[in-house]
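These notes open a run of structures that come right after.
Okay, so chain A shows up in both of these, paired with chain B first and chain C after.
This part shows the complex of A and B:
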């Protein structure tokens, strides 16, 4: 057995905790999770059944933690998981799973399959079976500070541009600000309007904020690939910057996995609670709304729907806030069938978008989103994740659908009432 | 061995052995799961893990509308045979008498004709479930030896119980009853080592799932 395989199997063993053992003990192979997964429903291939994607991890559980499994292993009746098998599973664990968590909502015995995929990736990565694209993104995140290779000068250029365009100051490295805004590379490169929108809203609502020149990247490739040490380092950069600037809160931008990383996994990765709070931008906007600090005027007349980014709603708990905000600015807001925590993934989260090999299946799986949209025929889709946004646009183009995808924060900024002051 | 001796052995030593394996096996399995433990969550909670866990234990008994629509057969047949097993095992008068004998507790039984009809319905549901497992691409793909073994040891007590009650077949009644009890003992012995464990472990699985979500303020 090669050293990397041994490390991978050891990682599997270490990842198995009480919930994992309870989940595997309970699975009755009913297959209901298949119909909860867009990679199965749009391909019809049984290998994309969510619980099957965990088969190597399940075998390690059986061999290490069950009576018959241990006995069979001892007398040589059950074979250890091989390097070749892990190679075969790479596509199932990374390319055709966005860790969207829909299967975890459906399993009748209550298995949180996504929780186990996240754990399984820890073993896959150390065994050397992570996709090349994701390895590259992770390397860039560690070395350059961004999975897309975005450096500080690029951000500074966008900040200057935004300041000129909006006539607003974008505070950088302002010590003692209340909020530290993080950004995703995707926002800096593809949707810089987001920075202007936030600046406009915060000026309107009187929010004291800043961006850090040392830690502005919100995404965390370490989590997507499944290497906790790297994930922890990326979180630690933000924690260090936040503590240095003495902010009260850190804002996760319009990015699903960034929110999961910094809000829910972060403290567990670095092994201590934060000295600050973490809020998603939509949570903060909704809080400003509730406090009467967010005044809007006029409404969008077009028929709008909201695409819940999986890690923001289903896995993150920010479900009502976007709806409260949309109702402020939308005249004709319609929900897709199976929305909120049961929404269907865009097909590109969880590292799939960094993995070019997955492009074909990602676009195929998008047919699920198409069906959801076809049921209500919206004129535009609002969302709160730049990764979703890019891949919704990509999917819509692929399927010849003409529909803009817009940011909720930007939509709110466009409807701000004239400044109260 | 005469048929009376067989029945005595089946109701005596054999039942004792099966019960010990059944109870000890389940306790060891559950302890084994709990002993693996889990890390404390250091992220600031938005909701209650305990409330979420308890909620999901109940809420997962009802499928979401999309699942009901896409997997109608699994859901409906699943409900039928589970409710059927509950009725035939726990609401049949002779079974309640046995439980009262051993544990000293009892409850009202359903009229025997109703239990009898339920048995037939449950057997039919289980046969349908087997056919579905063999025919449905996903289920056939996922299934292994254990899935068919578990199906067999589940349906056997129903079939032998039905035969014993109706006194059909070639063997005289005491032997039929002995075979019925033996089939139950087989089920009990297999139980802790297979997916039949879900009867108990699903409460843990649902709790963990709901707790993970509830902590984040999500209803799962």
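This part shows the complex of A and C:
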């Protein structure tokens, strides 16, 4: 078996459901989604209009599922979607869409464009039109267990290192713990301080937790490339481990799409409810704050702003929690002009970061974030997604802006009151 | 009252101040959607206008229109303007009767031939001339005769404008509207059952000022008064937009003043000035009193289904053809839906498990 146009078009037919049909028939072609998309606003090229990125899928819907479309196809008035067209659309569906969900927010007829992009990628992937970089990441995720190729020994080394540095025990495979912490490869490789920060906070608040040696990877390349079977397999690994360790909750770390995968898509992918709950690390920290289990001391004097990771804020609903937490430790917290559910993406979500070909357009689109930052001149940016952090740093460097990007969890850990615990 | 007196003189004689007169002119200009710069022109024209001769014919009607125009007003400026036209014939109001009255009509027609305004209220029976006669003259022949020398015809009330209640099914008298019989004169339909008093004075003022008839809609009504639907200007519209409806006349929604759409309000399909001009010197209008609009200024309003049936419900028994059409449409929809479902099921069945080896073209089968 290999990818083919036929499999791709079959997947389109399979993916088109009542919402998709309703969305396509409701579209009034107003083009409002264009101005909601950073790839359009920063290039001015109309091909980046979100709804246009779905054109092949729309044509398949029309030709296969509508009366007039069938008729037009039967008498040869409309041509079938070709492999070349899918090839042309690959850049639009993967490189210039981070599935940030902003277009779905502005659509006046309520079309969830992001939902359709996610579905369209199912067809693009089996048609052989997924970006090489993303295919590679997905292969590594399935074969090695991490899109970045991180293996268990690497995690174990980071755990040992953290234990020595912080003088704390990091529980691994502890059966019956309340929480199972997942990590993203990026946290393990680029931001290992996150593990120490969580350990410190959980000790302070008395949270019973563990890491699984069998399923520590939170990310899910399957939902990014658009292959539900692979996505389901990756979710299932976590579910199996969590149920084996009999944890009450699974914590999604500072990663955007991981939260989308495990919290929102997961049960649908594996076709059953979980026996545990899923929380984002910020949700848990805010809960600890509300319960009075999180005591901090001192405040950051520098001017801070918060970059909302799209999958955590807009599509995940975790908007107030980071603000509550930041207000505990920030003296001068300023919001960017558009934040929360209307935040602008860093430009690298939805698999764009695994796709080197998209580097140029990603950095161009970053100009949108630059304008947001220029409006408020923060001294540092706080965020809660490692992928956002890496690419904010990359973008800031590209535009010659000197500004550290820091983790919210780590910032809280730095301000923990020592006397408690 | 002398016939040579101008309107301005007549008004001053009746104690109307210049200020009151200009206020009336400004109100008239705004009601007719004219620019404010037209106010002096209206004032000047009205000031100098000779009291026009008006002949008022009443046919199959209930006198409600006359009541509305004369009795519902305490004497306002509009009322006095109305008084100062030379109403040469109005068989409800005039003292003369029989052949004396008819002689007055004939005299007015002769004296002002080609210049008088003919006002008609009531519909005209065509089935049998004997159904409605005045001094032995059938309504139809009186109308045709009087219309000949008229400058313009104002059809007051829904009966004259569209046939109204006499024309309601089964229409035993064969009632028709003025416009069904007269084709060669400008006709202004001032519909309503009854129409709003200021609408007729406004139309007369327009005629006196410009010597022309106002801009009319497709149903021959002055756009200035009938340009917008009751619904669009209704103060209860925000409730409609929010989906808040009264379901009965005594439920919570009715008490809170919510939209009366579900109680059969015809506001969305009715064009009139009730919601803005209101009745009884701007006091209120039916919806404000808690009753749905009946749609009285629209043609065939009496046959538009039940007054208390929501507009979205079919007005009469849908015919057999419609039943078949609906059935065929539904069947086609079901068939197309079934075909789509089958197609999708086939697509799902054709689906082969996607593995990482399936993501590249021409990759070897492992």
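We adopt the following convention: the second predicted complex is superposed on the first by the 416 of 421 C-alpha atoms of A that agree within 3 Å, B and C clash if a C-alpha of one lies under 4 Å from a C-alpha of the other, contacts with A are read in each partner's own complex, and residues count from 1 in each chain.
Note that in this section a contact is a pair of C-beta atoms (placed from the backbone, for glycine too) under 8 Å apart; a residue touches a chain by one contact, two chains touch by 3 or more.
As the structure is a computational prediction, the values presented were derived from the model and not from experiment.
Engineer: Mind checking chain B and chain C on superposed chain A, clash or fit?
Structural biologist: clash
Engineer: Of the two partner chains, chain B (first) and chain C (second), which one does A:265 touch, if any: first, second, both, or neither?
Structural biologist: In the superposition, A:265 touches chain B alone.
Engineer: Kindly classify A:257 by the partners it touches after superposition: chain B alone (first), chain C alone (second), both, or neither?
Structural biologist: neither
Engineer: Quick one: is A:35 in contact with chain B, with chain C, with both, or with neither? Answer first, second, both or neither.
Structural biologist: first
Engineer: Comparing chain C with chain B, which touches more residues belonging to chain A?
Structural biologist: After superposing on chain A, more of chain A is contacted by B.
Engineer: Does the superposition put A:67 against chain B (first), chain C (second), both, or neither?
Structural biologist: Both partners, chain B and chain C.
Engineer: Return first, second, both or neither, reflecting whether A:143 touches chain B, chain C, both chains, or no partner chain.
Structural biologist: It touches chain C, and chain B stays clear.
Engineer: According to the stated criteria, A:389 is in contact with first (chain B), second (chain C), both, or neither; which is it?
Structural biologist: A:389 sits against neither chain B nor chain C.
Engineer: One more residue to check, A:118. First (chain B), second (chain C), both or neither?
Structural biologist: After superposition on chain A, A:118 lies in contact with neither partner.
Engineer: Going by the contact rule set out at the top, does A:362 touch chain B (first), chain C (second), both, or neither?
Structural biologist: Neither partner.
Engineer: Should A:317 be classified as contacting the first partner (chain B), the second (chain C), both, or neither?
Structural biologist: first
Engineer: Just one of 97-105, 133-141, 169-177 or 205-213 in chain B hits chain C in the overlay; which is it?
Structural biologist: Comparing the options 97-105, 133-141, 169-177 or 205-213, the clashing one for chain B against chain C is 97-105.
Engineer: Need the overlap of the two footprints on chain A, from chain B and from chain C, as residue ranges.
Structural biologist: 16, 65, 67
Engineer: For a test of understanding, state which residues of chain A touch chain C in their complex under the given definition.
Structural biologist: Within the complex, chain A touches chain C at residues 1-4, 7, 10-11, 13-14, 16, 64-65, 67, 125-126, 128, 130, 135, 138-139, 142-143, 225, 227-230.
Engineer: Would you pull the chain C residues touching chain A in the complex into a rising list?
Structural biologist: It is residues 332, 336, 340, 343-344, 346-348, 350-365 of chain C that touch chain A.
Engineer: For chain A, which residues count as touching chain B in their complex?
Structural biologist: On the chain A side, the touching residues are 16-23, 25-32, 34-36, 40-41, 44, 46-47, 49, 51-52, 65-68, 104-112, 115, 263-268, 271-274, 277-278, 313-317, 319, 338, 341-342.
Engineer: Looking at the complex, which residues from chain B come into contact with chain A?
Structural biologist: Residues in contact with chain A: 28-29, 32-39, 41-44, 46-47, 56-57, 60-61, 63-67, 70-71, 74-75, 78, 136-144, 147, 193, 195, 197-198, 201-202, 204-210, 212, 216-220.
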